[in-house]
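Supplied in structure tokens, the structure appears directly below.
Labels for the chains are A, B, C, D and E, by order of writing; each one numbers its residues from 1.
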Amino acid sequence: MKSDRRLVRKGSLEKLFEVLKGDNRQVYAPFSRNGRTSYRKIEKFSDIATDYIQTTQSSKEVSFPRTEKILDYSKNADGMSVKGIEPDQIPQIMLWGIRPCDAMGIGELSSIFNWDYKDEIYNNRLSKVTVLGFSCSKTDEYCFCTSVGGNPGNTEGSDILFTQLGGNGDYLAEILTEKGEKVIALSPELFEAAGDIEKEKFLADVPVKFSHKEIYGKLEKFFDSEEWVGQSLRCIGCGACAYVCPTCACFDIQDDSHGKLGSRVRCWDSCGFSLFTLHTSGHNPRNVQSARWRQRIMHKFSYMPERLSVYGCTGCGRCSRACPADMNILEHLTSIKEAAL
Amino acid sequence: MTLGFYPGCSLKGSSREYAESVLAVAKAFDITIEEIKDWNCCGATAAHNMNRELSFALPARILSLAEKQGLTEVVVPCAACYSRLTVTQYELAKDKELKDRISEVNGMEYKGSVTILNIIQMLDKYITPKLEGKVVKPFDHKVACYYGCLLVRPHEILKFDREEDPQSMDEVMLKAGATPIDWAFKTECCGAGLSISRTPSVGKLSGMIVGDAKDRGAEAIIVACPMCHSNLDMRRKEINKYLGEKVDIPVLYITQALGLAVGLDRKELGLNRHFVKVTV
Amino acid sequence: MSKIGVFVCHCGENISATVDCARVAETSGKLDGVAYSVDYKYMCSDPGQSLIKSAIKEKGLTGVVVAACSPRMHEPTFRKACAEAGLNPYMCEMANLREHVSWVHEKGEATTEKAIDLVRILVEKVKYNQSLNAIKVPVTKTALVIGGGIAGIQASLDIANTGHKVILIEKDPSIGGHMSQLSETFPTLDCSQCILTPRMVEVAQHPNITLYSYAELESVEGFIGNFKVKIRRKSKSIDEKLCTGCGLCTTKCPVKKIPSEFNEGLGMRTAIYVPFPQAVPNKPVIDREHCTYYLKGKCRICEKVCPIQAIRFDQEDTIEEVEIGAIVLATGFSVKQPDFFPEYGYGKYPDVITGLQFERLASASGPTLGEIRRPSDGKVPQNIVFVACAGSRDEAKGIPYCSKICCMYIAKHAMLYQHKVHGGKSYVFYMDIRAGGKNYEEFVRRAIEEDGVNYVRGRVSRIYEKNGKLIVKGVDTLLGAMPVDIEADMVVLATAGVANSDAEALAQKLHVSYDAYKFFAEAHPKLKPVETNTAGIFLAGACQSPRDIPESVSMASGAAVKVACLFSQDELTRDPLIAVVNRMAPPVYSSCVGCFLCVSACPYQAIEKEEIKNRAGEVIKTLARVNPGLCQGCGTCVAFCRTKSIDLQGYTHEQMYTEVMALLNEY
Amino acid sequence: MDELIKRAKELLEAGTVKVVIGYENGSADKTRALFAIEPKDADKLIFDSRCVMNLATYITKAEVKGKGKMAITATLPVMRAIIQLASEFQVNDSNLLVLGITPESKMIEFKDLAEVEAFVHKYTIEIEAKYSEKLEKLDKMTPSERWSFWIEELSPCFKCYACRAACPMCYCHKCTVEFNQPQWIPVPSHDLGNLEWHMMRAIHLAGRCIDCDACYNACPLGIPLNLLTKRMLIDAKEHFGGYQPSIKADHLMSTYKPDDKDNFIM
Amino acid sequence: MAEFEPKIVAFVCNWCTYAGADLTGTSRIKYASNVRIVRFPCTGRIDYMLLVKAFDEGADGIIVSGCHPNDCHYTSGNFHARRRWIMFRSLCDFIGIDIRRIKFSWVSAAEGAKWADIVNSTVAAIRELGPYEEYQKVAKKPVKEVING
């Protein structure tokens, strides 16, 4: 579908927010606390954070919550009765203010949830989400979307992409999907006709650091490299990188049992944890941090491109920003690119 | 330093000298005595035998008034008043329902926050520690300290001194320069309950007390209760009749004896008000 | 899937009177995993136990919950029954429906609900129980008897005569205890020393008894069959092997005015002394607190006069470490001391004395050679008053119990007085006369009727001195509460029998329970009167409560039999309710990280380091290991371990967690 | 820090140690851990006020420990952690050499851990004023207000366990949260699961936490979880006379005094 | 409306308080039936996490009770327990858990009457405080289905 380009006045964003809320949609948008920015349900337009290059957490929590009930069960005289989650329990959600890299990440995450098994709960949830992307006008040294197929004004994954025209200017809105059009329909008067606008000149400049071939091609033969050990020595094995990542999809299933009642819950998990691959026997195929670190890079830059034809990375740089040990993924990828085989 | 004060009826009447000596001693040690305003009878008469609720309501009202007046400590020189107030405090602390009921009856909240001091506790806390150097005229006499009943009993409630062989007055008197004697009638009954109705019985009961004190060479009997005092002092005629001899050992309130020791004026201490002339 | 049997006991009507037992059984029967559920009148009876046994066999039960009385009462019974039916005994749990439900709540819905809850909790727990095997531990066949009074003497002799070794320790220089102080004994009036001394000598000569006099218990570690005991042997300042007991030193010692403990302060002794002529061992000790040499650095007269140079001034206390299989506590009692009776003037008037002092006055070996003479001036008292219940049965004195022996010894004292002081008048103030015992009542009647002792039923309010007489103010309740004033020459107080002042500390050393009055507590008031709550420690005599000689002796023999039973086995089985450190397959081995913080938390030093080595002998992991012989199963380490690497068998993480879950959720 | 670089090189050249753990420049304006294995690696060593990560967290890691004897650049909090770890048998003189950095930024090489301990004992652990203020503010709240405060503050926690990973004292291979028979701590990162995880962490660090704030610095969500451990530290001071890591002394929470406070026990 | 009946869980040691509660029974002293006893060998075994679990699962109040100081069957389990209680109690207070709902006591095997008193006074105190709704709101809140926070 060819995108429809409209102009939204700066002052109209708040009106749009109110319209969306008025239409019984929950609006999730960036919110700042303790110096960190993450998505949460917003009731007041003024609560939406604007001063960030990238949110601390990605927006994946909206379609893939960190803790998600899958079913309820109860024991009774006849055995067990199970109640799943009905799709209509899920509200319509507006995902407001996500960066193009995150929007692109939705596709990458979906590819995992729809590989061999189609994850109904995930898909149900995602079907309720409308993505209102905002292009990037600022960048920092952690960003590398342009190296993994994205760019600061990338429309991929957004239903509407807003690009602010100058520091304090109005917005160019690119209506990209049917879901986007439905938003316009709620309040067409806020979306004026846009003239000929050269969007690119308002975007941040993110230099390309490596090519697909330089990394993907290299990794095929890199499995046994000593480089992994050197890179991962300072990794402390927490799950911060996976949990802020827009595409990390690993989860764990837990039963929360209280006598005859209980529920089954899925919770995020991370390949960085040492117990992630621990077998009951005591054997751990990834028993050192270097093997776990290698898994993280290989999965995102080798296995996913190979099997799903997408990267497992959007170049958002969050993992590097969040890492308590200053593991810098871009730096590590660059050094893989430069390493001798 | 301000101390609440509940005189009760005796200290305003038959034992004015007790009140006078308490105030005089307090003054000498820079303690401001603040009387509870609008106080009432403590109920020591017959109330506690007639009506349980009334027997608590009366003292509770006094304590509520003290609370309202902002007093944290109240000295109660009369042993009977001391007993009633303390018993009430004890019972109401144990039974919340009763406490609420009594507050309601009095139309006045009772919190139970006031510390009640008998005269010995008051002396021990505020006077005797400062006594050193202040005793200008040591009370250099052999004294029989007579405690009576209500100052030390029931021990479970009052938790003051040894009930069968109390020592606290002896210790105060020792510091005032006296020589307390060892005698047998420290806590024997003086017959106060029969003072009016069967005066000859008082003669006998109090007589045994005075007699033993005399036999053991006491030059003064020291008391801390208006009833004890009136029986041993005012009923001396009946006592002497029982004893068959004229015994003229004077009976002093502990505050009077202490007052003398620190050089207070005899009149200020009310020593002129006794039936048995105070010769010591 | 578990197959659990629930057995609900009515305990006659003890439980069923307030708990709907049928409903408890019915409701429990519907729980997941419960295969059989039944209620029955007496589950601990033979038919009751058979019910359990046959259900185990017929239904193939994998776990049993008996809902009856306290597990502290019958857990062993039912576990044994399960074992007899082939079920591992540790698969049996008890829900306490009697002590914790029916006896403490009124009949009603809430009470039955609570019973149902308690059963459910245990059903869920039992699902996590594991089959355990009892731990076998060897038994050290030596007994320690603490206290050399008549109870300790009897227990020692009885144990020794079954062929086992006994170590008897006595804190005083001689054994004999209070009985050696007594003049005559009721109700036969035979001479106390005459019947005791042969036993004392027998102890000293018995090949199986090691006697440590002047020795005290220092510490105890370990458990039944395997105690490690340290005994402090206080320095006697003499060489016991050399000393012949000639006594020359005691006659020459210049410090002669020390109140004699044996004579209850009525006589004097020297600083180097033998407490009494028939003492065993009959060798002196130096009382360092009074000896001039120890106080001032010179004297040493005893050393000079000793014909065989047996005095050792530089001798020090020694600590003897012994291995012990069982302990008999026979430390006796004390009597209340002076300031307890200000109203009776005890401690103030020399002629107000205790019963024990009277024993010394009446004893032929006493300070007056058996003549009743009062301490103040040595005159023979013409009027004597005995006050019974001096402190006993008196809540105001904090002693609500009856001291039990006083009624009898007062009758004896009055009788002895009448026999010795012809024409003397004696009075006994009493509350009740408790003379239950063979020939006891007859004895008291003899005192009253034949010897003319005046028994006055009433209490004494005060005793004071007047004109050289002791005025005893009392009341005669049989004469309409008429006040009675007696002018006495001497007063004897039957002071309350109380626990020794160090009883509490001793109990804490031994981990035995004690009651509110610091008397040692028996394991069961009726059925385990000589056992304590700590296995392997037994009680004899008045350390458990005041008792007379025949009772002390029979109790001592009872305790001796318990010890002999224990020693009749070479091995003991012990509940395997101990802590274990988890072990896992390599390369993990255990979740224990070897921080060893549990080591300092363990009260028994039962946790040690274990090194796991590879084939080359290199240490690849260091972790904690619980020594099953030392662990007593308190679980202090379990709650402390951060990684939950230690668990306590019988009270595992899963079991306790499940109990809490089951308690608060529907199942 | 030329002195540090020189000494690190010497140690590596002589083979006295196999690895020197220190700081180097990292991304943006951050610093990060450096593991110098070759003498030339030591040239990258730096030390300045940005170096706040507690490097002691690495000395219990198999990957680092496995290299052989370690030397570590240790500021006061790092040294404290080392002493506590030594008392828990996790490091010893045979596998660790401490290149101390005093609060005045001077390097001291310690002969052994006993010397480190002596140095550490010259300083007591004091709660920074800005935290004392926060704690006081919390103390003044009603319990209900504190409850709301914590439920709200802990709500963002997604249990990445960065706090645990960064903490030198959290070296257990299997943490209580990973114990699942029974599942003591709810795995989900909902309010209850978060509350119990952070309570458990605070209790496990009572008497062990050396107050380095590594957990707080590591938290990607900025949760003030170090307030919990600081509170434990204050309590240890109030009730047990204070905490100071020491190699031989018994652990604060595995010992007791017969006269520990019991006015709250009926 | 029926009066609120608090749910109270008691964590007690086998040798003192459990035996003391047995004595309450043997002495036929009546007390409120709201309490359920969980038997431990020693207070030293009582994991503080179990107390938290009790609140999680809906307890309104908790009693923790063992041997008096120096009376521990295992010498010092109660001393260790007390030290942990001090810290745990303080942490609870700091987090805002209502520590009036956790009663600690020493009840010996001889104190049957004291046990009844402890139970009755705890039941009365908790009844006055009401159900622990504040905690239950957090504990029983269904897993949030969308974003937390």
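Simple rule for what comes next: a residue touches a chain if its C-beta (ideal position, glycine included) is under 8 Å from a C-beta of that chain, and two chains touch if they have at least 3 such contacts.
Keep in mind that what you see is a predicted model, and the values were worked out from it rather than measured.
Contact with subunit C and subunit D alike is made by A, E. Counting hops only between chains that touch, subunit A reaches subunit C in a minimum of 1. Taking the mean of all protein Cα atoms as the centre, the chain whose own Cα mean lies nearest is E. In this assembly, A is the chain whose CA centroid lies farthest from the centroid of subunit C. Just to note, of C-E and D-E, the chains joined by more C-beta pairs in contact are C-E. Averaging C-alpha coordinates per chain places the centre of subunit B 48 Å away from that of subunit C. One simple way to say how far apart two chains are is to compare their mean CA positions; for subunit A and subunit D this gives 32 Å. For subunit D, residues touching at least two other chains, in rising order: 156, 173-174, 176, 184, 188-190, 253-255. Contacts with at least two other chains are made by residues 588, 601, 640, 653, 657, 661, 665 of subunit C. Residue ranges on subunit C touching subunit A, taken from their complex, read 30, 32, 584-588, 661-662, 665-667. Subunit C meets subunit B in the complex at residues 341-343, 348, 396, 462, 464-466, 471. Across the complex, subunit E meets subunit D through its residues 48-49, 52, 56, 69-70, 76, 79-80, 82-91, 93-99, 103-106, 118, 121, 134, 138-139, 141, 143-144, 148-149. Per the touch definition, subunit C reaches subunit D in the complex via residues 588, 591, 593-601, 622, 640, 642-644, 653-654, 657-658. Put simply, subunit B touches subunit C in their complex at residues 155, 162-165, 182-185, 188, 212, 215.
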